[in-house]
Each structure stands twice: as structure tokens, then as C-alpha cells.
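What follows is subunit A paired twice: with subunit B in the first complex and subunit C in the second.
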Partner chain A sequence: MSTILSVEHLTTSFGTTSGYVPAIDDVSFHIDKGETLGIVGESGCGKSVTSLSIMKLLTANGKIQSGSIQFEDRDLVKLSEADMRKVRGNDIAMIFQEPMTSLNPVHKIGKQITESLRIHKGMRGPAARARAIELLNLVGIPRAAEIVDEYPHRLSGGMRQRVMIAIAMACDPKLLIADEPTTALDVTIQAQILDLMRKLKAERQMAMMLITHDLGVVAEMCDRVVVMYAGKVVEQGNVRDIFRNPTHPYTIGLLNSIPKLDERKTRLDSIPGAVPSIENMPAGCRFAARCEHATQRCADADPGLRDVSGDYQARCVLV
Partner chain B sequence: MISYIIRRLGGSVIVLFGIALITFILAYAVPSDPARMILGQHATLQQVDALRKQMGLDEPFIQQFGNYLMNIIHGNLGFSFLQNLPVATLIGQRLPATFQLALVAWLMELIIGLPIGVFMALKDRKMTDHVFNLVSLIGISLPTFFVGLELMYWVAYRANLFPVGGTGGLSFVILPGLTYGITGAAYYSRLLKSSMVDVLNSDYIRTARAKGAAPLRVIMGHAFRNAIIPVITYGATDIGALFGGIVVIEDVFGYSGIGQMAVQAINNLDTPIIMGTVLFAAVFVVAFNFIVDLLYGLIDPRITY
Partner chain C sequence: MADVQTVEQGKIAADKEKMPLLVVRDLKKHFPIKRGLIQRTVGHVRAVDGVSLSVDTGETFGLVGESGCGKSTTGRSILRLIEPTAGEILFEGRDIRKMGSAEMRRMRRKMQIVFQDPYASLNPRYTVRQVLEEPMLIHNLFSTAAERKKRASQLMEIVGLSPSRLDRYPHEFSGGQRQRIGIARALAVDPKLIIADEPVSALDVSVQSQVLNLLDDLQKELGLAYVFIAHDLSVVKHISDRIGVMYLGRMVELSPADALYSEPLHPYSQALLSAVPVPDPEAKRDRIILQGDLPSPSKPPTGCPFHPRCKDAKDICKTVVPTWEEIRPDHFVACHLYS
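Up next is the complex of A and B:
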């Protein structure tokens, strides 16, 4: 299968009082056409920064310092802002974690859906409106012809996330980046939204990058997975390999912290400690301080990504 | 919606009643005798007493206030002591001039203040922020009469671009309006800037950018309408300040509007005109606030009445 997105050695930094500090450091991964890649990790590990770097939507104090983001035949890092705008919402679309605040409260749903059609396809008037209704139907919104004239505050969180998906689908993107799309939703709604995304992805042969901290969602949705920790990729490979045979102690910890239905426990497993702050990154393995297998050589030098087998790599001396 | 309008109208009547009461108490308490004012220094005590009786000034306070209210309800604001004309007529004569000036002054505030606010929100950096804060502080601190005199000297007298003062067409309104605009714009720009910075950091702005919207579209199409809501609230309260400011500006520029008339009436203790202009200003402010409250619903669909 051919690759649609290839991120190589991407380092994105944020300006702080003590200079530029990398939030993600030397991150590399790729997504094949029609594939779903999961990116998992705790809060603050750099998942969202990775996705915003790809879209080049970082806040003013953030900046891509090195690396490349090859999308089809273009390096997004080198694209001008004007050219990048032609990619956003057109070739690559994105949906966000917070459906309650991601829609503009003063614009009607229809206007918000047709906006990218107006920008990228020059579609206007009744044609755009008809397309908006079609998109609302596609994402399973009942009474689409009425909802198109409603304002966002009239819709529930799940409905708003469907609208966000409709917006993302408007221009038939080749890649959809979903940043924690179900985190803010009820469990039953989560399942509906995931089903919808899976269905759309299959119908349109779209590639998807799914950012989540929920390994259950990864198992359900993804073909391959990238595990991130403290701004670095610590493990990546096939979902089946990683779930059956996790290598990196962090991934093992994450998997152990999922409660299992057939176990009786008074306390849930967790990984002790917290992610180091980006201003105080240890020189060696970033997980060493929380790792039960850590030795002196872990603290001395970063082990680097090592091949476990084929397309499966882990950043650990145990490999 | 209808019940909201009725409730608001009821509230407005109560506010106006309170203002009528306060101005009446103040006029009642002023140690000057209207009958003496009208008849002049040479009239006899009998003549003055006769006029007091005729005007009802010998009646108890409550009776006098009741008469005053009844007259207001019938649109009778009393007679000017000095000009012997109905106050309502005098206000009516000067209303178009003042209204024109108020409108131009307010537009000047917006034309100067809003673009600066948007620009500053986009350049939200330390250095530009300091400069902006300093300049806007100067703008807020400058008294209108000072700005007015400077403009009058440099723009009207030296550069000869506009008339120095007086009343006439649009050219007579520009400088007084600009005077108010310069001093008032800083509030609008500061308010819009902080509101705009908040909005620009919101999730829906990121959504708009993720659609590929260009900066101008993001700012004008998405951010401005959300950011303008607190500015409109301020605009409503500003109308009161606008009226106060216009009184001074009309006096400085010799502009024959209601403000100038009020200043002259204060100097001459022409009480009916003072009371009439205060009441008129109150009606204006109350009406404007009412309109703005209805405007919210148009701008922000989340607001229902």
C-alpha cells in the first residue's frame, strides 16, 4: 500500500520564558492510504501537538523546528501559508475533542458546513445548501433539512460532533485527523460516533489519524498504532502485535491499566509518577523514572527506536 | 418576546419616573425664585406673589410634582423663563442638530476605535501592547475641551479644513464629532481587543482555520461578530456619556444643539429648560438601552427573550 502521509524527524517547539522547548522531539511515523493510525499516550505526551503540526495550526508561540511532513508529493513544512490553506479542510480535514465549543455559536449549521465548500470548491447558494443537507444525512442527523437552519446551541454534544464530522467530510478529504473525537461524549454516543467514522472511512477509502488516550478505541478502530510518551514515539506497530505482545514497559503499563471484566480488583492498576515536564526532560530514556526495569544505562542515553520485528519498533533497551 | 418588551417598557417608565422626581427635587431645592427671575429685579413684591400664585409655586411639594408629572404626560415640559417659549418646542428645534452630532460622534468612536481594536488583537505582542496601552491611556485621559480646542486651532484655524465653530451642514459636525471620537475611541478599542483575543483563542476559530479559511475571513466572518457583543453592551452605556460629552463639545464649538442650550440655561437658572433637557437625555438613554437589548438577540442566537 502506498503512503499518504509520512512524518520524518518532526520536532515542534514552544517559546517559553526559558527559550524554545520541544514538545515533540524527533517524531517519525507514516500513514498508508485507507489506513487508520492510532496515536496514544497520556495527556501532555504530544499527541495534539503532532496533529496541529501536520495542519500547521500551532498557536503563535509554537513552531516546527525540524523534520518534514510529506503529504502525497508535498512537504507541508515547506508550504507557504497560502498553499497550506488549500490543504486544510480540503485534502486534510480535522475534528476536535470539544464539540460543544468547536462550532461558531453565531452561525447556522448550514453556513458552517458549506464554508469549506465555498472556500475550496467555489460552491454557493442552493447547490451548497443541498450538499450541506446531504452531508447531514450522511452523518446520520435526523431532520437534516431543518437542522441545516439551526444554530449549534440547539444541538446536543453528540449531534454537534456529527456536524463537525459533516464539516470535515465536506470536501472529501484524503486524510482525516480526529483529535480525541469521543472523549467529551457519553459512552453510548461514543460508540455511535466511532461507528460513523468507521463507516465513512470505509466508504470513502480515506486515511485516518485517530488521536486518543483510550486503548479500547484503538483496538476497535485502528490498523496500526503509535505510542507516544513525553514527546517521543516509544513504540509503533501493528495493533494486533502491540496488544498481544507489548514490548515497551510504558505500553505494558497502559494496557494493564485497562480494567478487565473478568477480574475482581479493589484497586485499578496505574503507572506511578507523572510525565516529566517539557522543560526538564531527562537525557536518557524519558520513561526511566517511572519504569520498574530501569537501570543505569537507561538514564545515561536514549536507547533509540529498535526493530522488534518487521514494521514493529520500540524505544527500549529490553528489545 | 412580546412579554419581554412589555416588561422592559414598564421598567423604563419606572426609571423615567425616578429621574423626573430627582430633577424636580433638585429644581425645588435650588434657592432661586422663578417668579422673580421672570419679572426681573424691578418688579414689586405683590407682582411677584401674584405670579407665584398663578404658576402654582405656593402649592405644597406633592401637588406641584403631581402637576409637573401630568404636564409631562401631556407633552408639556413647561415654558422657558427667559425666552417664554415651550421647552418642548425649544428642544425640538435643536434636536436635529444634536442628533446629527451625536451620531457623527458615535460613528467616529467606532470608526477609530474598532479597527484599532482588531489590529491590536492580531498584534498581541508585548511591545505593541505597551505602546497601545500608553496611547489609549492618553486618549482616555485627554479632556474633550482640550482636544476640541487643539483641533479647532490646528485643523480649522491653521489648516482651514473645517469651520472653526457654529452650526450648519455636515462640515460643522466633523470636528466636534472627531473630538468626541478621539477621546472615546480608546474605550472601544481596548474592549474589542481583549474580547477579540479571547475569541481568537477559542475552539471554533481553530475549526474555521482547519477549514482553510483565510485570516480576513477568520477575523471578520468568525471572530468579529462574537467579539462585538461586549462592545455593544458598552456602546449602550456609552450613550449616556456621549450626551454628557456633547454638552461640553457643543459649548466649545458654539454648536447650537440641546447641550449648548442646557449650558446656557444652567448659567441663567432657566429651570424648566434644565429639567426638560435632563428628562430628554434620560428618555434618550433609556430608549437606546432598550434598542440594544433587542439587538443582542439578532447578533447572538443563543439569547432569547
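Up next is the complex of A and C:
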């Protein structure tokens, strides 16, 4: 399969009072055409910074310090802002966690959908409107012809996320980045949205990068998984391998600490301690302080990503 | 709802000694909708519309449902943090709705709450010591500062934090640690019942399991009863002995935790359970995807509130509210499919 996006040695830092500190450090992964890649990790692991770096939507104090983001034949890191604008919403689209805040409350739904059609495809007037209604139908919004003239506050959370997906689909993107698309939604609505995303992806052969903290969502949606911890990729591989034979102690701890519906357990396993702060990262393995297998070797130097098998790597001395 | 009352009363009569710690009967909370210049009441949001439950000493009662189903309002009404519109709340056999404010305040010593957001529920200007000593002062628990100090240190140890950090401010703690402080504050007055309103939803999974284990340990050591309110079904199943499922202000099913998961009876419970993503890529999934959204609680559907989204809805469901019935021992459901 051919690769659509390849991120190599990406380091993104944020300016703080104590200088630039890296939020993600030497992150590399790739996404193939038509594939769903899951990026999973807990708060502050750098999964959202990774997606914002790809879209070059970092806040003013954030910058990509090194690395490359190869999308088809272009390196997005080197692209000018004007050229980047042609990529966003056109080749790569993004949906965010908060359907409540990511729509503009003072514009009608139709206008927000046609915005990218106007900018990228030069569509205007009735043609753009017809396409907007078509897109609303595509994402399963009832009474699309009426909703197109409504404001976002008239819609429920699930419906707003459908509108966000319609906007993302407007220009037939090759890659969809979904940053916690269902975290703010109830489980029954989450099931509806995941179902819709799966259907759209299959129909359009679109590649998807799904960022989430929910391992259940990863198991259901993804082909491959990248596990991040404290700004680094700690494990990546096929979804089956990661869930069947996780290698990194962090991944193992994470999988064991979720309560499962089909189990009756009196105690949950948990990972002791907390994530180190980004201003105070240990020199060696970043998980060492919380790891039951840690030795002096782990504290001394970062083990680097090691091959477990073919397409499966883990950052651990145990490999 | 008459059935559950008779059943509950029957139980009470049967063994008076083992009376539940908390009995809630037909609890209602209707919020008025006001409009216009003179703020005329034009309708009501029926946030909680006839909920009955009971909690034994040392038991965990889980309350699940989606946003807007009334689970948090139920929790807060039980403590009278929100004044209920109707219903009975018996704590140790006494109706707390009939209590005056002084008596109610004394009663609150026995029933405490832990909130969802560990960032918003601690006063940022108080040190942890002040946070923990405030309830002791309100309830006049200790006469000297030294005793309060000792109790505060003890509380920190109980929840797994170092007493040396008592003089720090909440912002110096992580989310999981703050939730531990919230739990220590609830424990400060030696309660018998803790209402935990989404206590782990703001936490990452690895920290969430630490807090769940702590709650479990505390229950065993102190014999606490919990009403555990959450939207995450896997968490509720893990911690609860019995579970009530709410939909649109009503309880639709109530059963022991295992029975609810192995054999959910109400179509809504079935859909809710099947919607939970399973962390296993090879799991077989028979997902029931519900159509549409939750109706507004100000205009609930006639008959069974779930009928517009129910795959098994019959004609009777559109017009007649299903009664609350005990289908199996301790397994209650409000659904026409079983009557």
C-alpha cells in the first residue's frame, strides 16, 4: 500500500518562561492510503500537538523545531502559509473534540459548509447550497434542506458533530484527522458517529488519523495504533498485536487499568504515580519512574524504538 | 410507582433491623421554565420524574444514564442541595424533606458529596488544610486546633497523600490527587453515605483506576455506602452492587450489577450496553444503534418516554406509561414488553 502521510523525527516545542520545551520529541509514523491510524495516550502525551503540527495550526508560542511531514509529494513543514491554506480543508480535513465550540455560532450551518467549497472549489450560489444539502444528507441529518438555514445552537451535540463531519467531507479530503471526535458525546450518540465515520471512510477510501484516549474506540476503528507517552512514541504496530501482545509496560498498564464490562474483578490494576512534567523530563526512559521493571539502565538512557517484529516497534529495553 | 413502594415497604416490614440506610420514594424535581417580562412560568422541565431507590449500609448503588437523564439532579436532590419538588427521602428512617435547616445541617454530616471536576470543586485560595478543616469547623467536630490538625493529617494518609503537603494549594496537585482531596473532604465529618457524582470522569484511565481502588478500600474499611453516578458503564459495573438505569428523568431498570450486564431487560439498557466500545479488536459486536436524539425533558413523549427511539415499540408504548415491575427477584423494569 502506498503511504499518504509520513511524519519523520518531528519535534514541536512551546515557548515558556524557561525557554522552548518540546511537547513532542522525535515522533515518527506513517499512514497508508485508506488506512485508519489511531494515536492513543493520556492527557499531555502530545497526541493533539502532533495533529496540530501536521495541520500547522499551532498557537503563536509553538513551533516545529525539526523533522518533516511528508504529505504525498510535499513536505508540509516547508510549505508557506498561503500554500498550507490550500491543503487545509481540501486535502487534509480535521474534526475536533468540541462540536459545541468548533462551529461559529453567528453563521448559518449552510454558510459554514459552503465556505470551503467556495475557497477550494470556487463553487457559489445555488450549486454550493445544493452541495451543502447533499453533504448534510450524507452525514445523516434529517430535514437537511431546513437545517442548512439554521444556526448551530438549534442542534444537539451529536448533530453538531455530524455537521462538523459534513464540513470536513466537503472537498473530499484524502486524509481526515479526527481529534477526540466522540469524547464529548454520550455512548449511544458516540456509536452513531463512529458508525458514520466508518461508513464514510470505506466509501471514499479516505485515510484517517484518529486521536483518542479511549482504547475501546481504538479497538473498534483502527488498523494500526501509535501509543504516545510524555511526548514520545512508545509503541506502534498492528491493532491486533497491540491488544493481544502489548510489549511496552505503559501499554500493558493502560490496558489493564480499564474496567471491562465482561469481567468481574474486585481490584483494578493501576499505574502508580503520574506523568512527568514537560519541563522536567528524565534523561532516560520517560516511563521508568512508574515502571515495575525499571532498572538503572532505563534511567540512564532512552532505549529508542526497537523492532519487535515486522511492523511493530516498542521503546523499551525489555525488547 | 405504587408497586415499588409496596415492595419497599414489604421489605421494610419483613426485616426492620436491616432497614436500608437511604430510601428514596417517587422523587420528583421539576424546574420551572420562565418567560417574558414578568417571568411567567410557561412549563416545566421534568428533570427527575418519579425515581425510587434504596441503598443499604456498605452498599454501592450505581446510577447510569446519558446527559440530561436526571442522574445528577437525583443525586443533588437526595442531599437537598436542590430542593425536590415531591417525594420522600428517608435517611435512617427519617424523612429529611421534613427537616428544618438546623436539623438538615446536622444531617449533612452523615451524607456527603464528591463532585466531578476536581479543578472546580476545591477553593483555589484555600490550602488543603483549610479545605479539610472547613467541614470540621462547620460541624463543630473538634474543640481544639491541634485535634483538627491531627484529623487533617490522618485524612491525608487515608486517601494516600502525604500529610507534609497539607499547607499547599490545590493547583500544586494533579487531577487525581485533587480528587483524593475531594474525597478526604467528604470523609472529614465521618459520613455514612457519599454521593459520588461522576468522580472519575475527568481523570485519565490510569489515574481513574487508582481512585476507583481507593473508593473501594474506603468502603471496606469505613463501611460507607455510595451512590455512584456516572455515564461510563464499565466503571459503574466495576464498582456497583446494584445499578439503576435512568432515561429522561425516570428509572427504567434496576437490578444487581451482574444481572444488568448479563441480561439487560429494558431495550434502552440493551442499547446503552451494546454501545460501549469494547477494548478488543477481535470482539464480536452486536451493536444496537439508537436512532435520533434524547427528547427534551420539557416535552417528554407520551406513554413510555423511550418509545420514539425503541426498536421494539408497540402501540401501547405510545400512550400508556409502563408500570414498574419486579420481573425477577431484585430485577425491576418499566417496560410493556414484560407486562
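In this section, the second predicted complex is superposed on the first by the 315 of 319 C-alpha atoms of A that agree within 3 Å, B and C clash if a C-alpha of one lies under 4 Å from a C-alpha of the other, contacts with A are read in each partner's own complex, and residues count from 1 in each chain.
Following the convention adopted for this analysis, a contact is a pair of C-beta atoms (placed from the backbone, for glycine too) under 8 Å apart; a residue touches a chain by one contact, two chains touch by 3 or more.
Values in this document were obtained by computation on a predicted structure and should not be read as measured data.
Using the contact criterion defined above for the overlaid structures, shared-chain residue A:Asp269 touches subunit C, although it does not reach subunit B. By the touch criterion stated above, A:Arg124 is placed in contact with neither subunit B nor subunit C.
Looking at the shared chain after the overlay, A:His153 reaches subunit B, while subunit C stays out of its contact range.
By the document's definition of touching, of the two partners only subunit B reaches A:Gly89; subunit C does not. Legend: residue contacts after superposition of the two complexes on their common chain; A:His9 is shown touching neither subunit B nor subunit C. In the superposed model, C is the one of subunit B and subunit C that contacts more residues of subunit A. In the superposition on chain A, contact of A:Leu57 is made with subunit B only, not with subunit C. Shared interface residues of subunit A (contacting subunit B in one complex, subunit C in the other): none. Against subunit A, the residues of subunit B that register as touching in their complex are 124, 201-204, 206-214, 217, 222, 225-226, 299-302.
Within the complex formed with subunit B, the subunit A residues making contact are 55, 57, 59-60, 85-90, 93-94, 96, 98, 101-107, 112, 115-116, 119-120, 151, 153, 164, 167. Subunit A meets subunit C in the complex at residues 42-43, 156-159, 186-192, 194-195, 213-220, 222, 239-240, 243, 253-255, 257-262, 264-272, 274. On the subunit C side of its complex with subunit A, the touching residues are 66-67, 174-177, 204-210, 212-213, 216, 231, 233-235, 237-238, 258, 261, 271-283, 285, 287, 289-290, 293-294.
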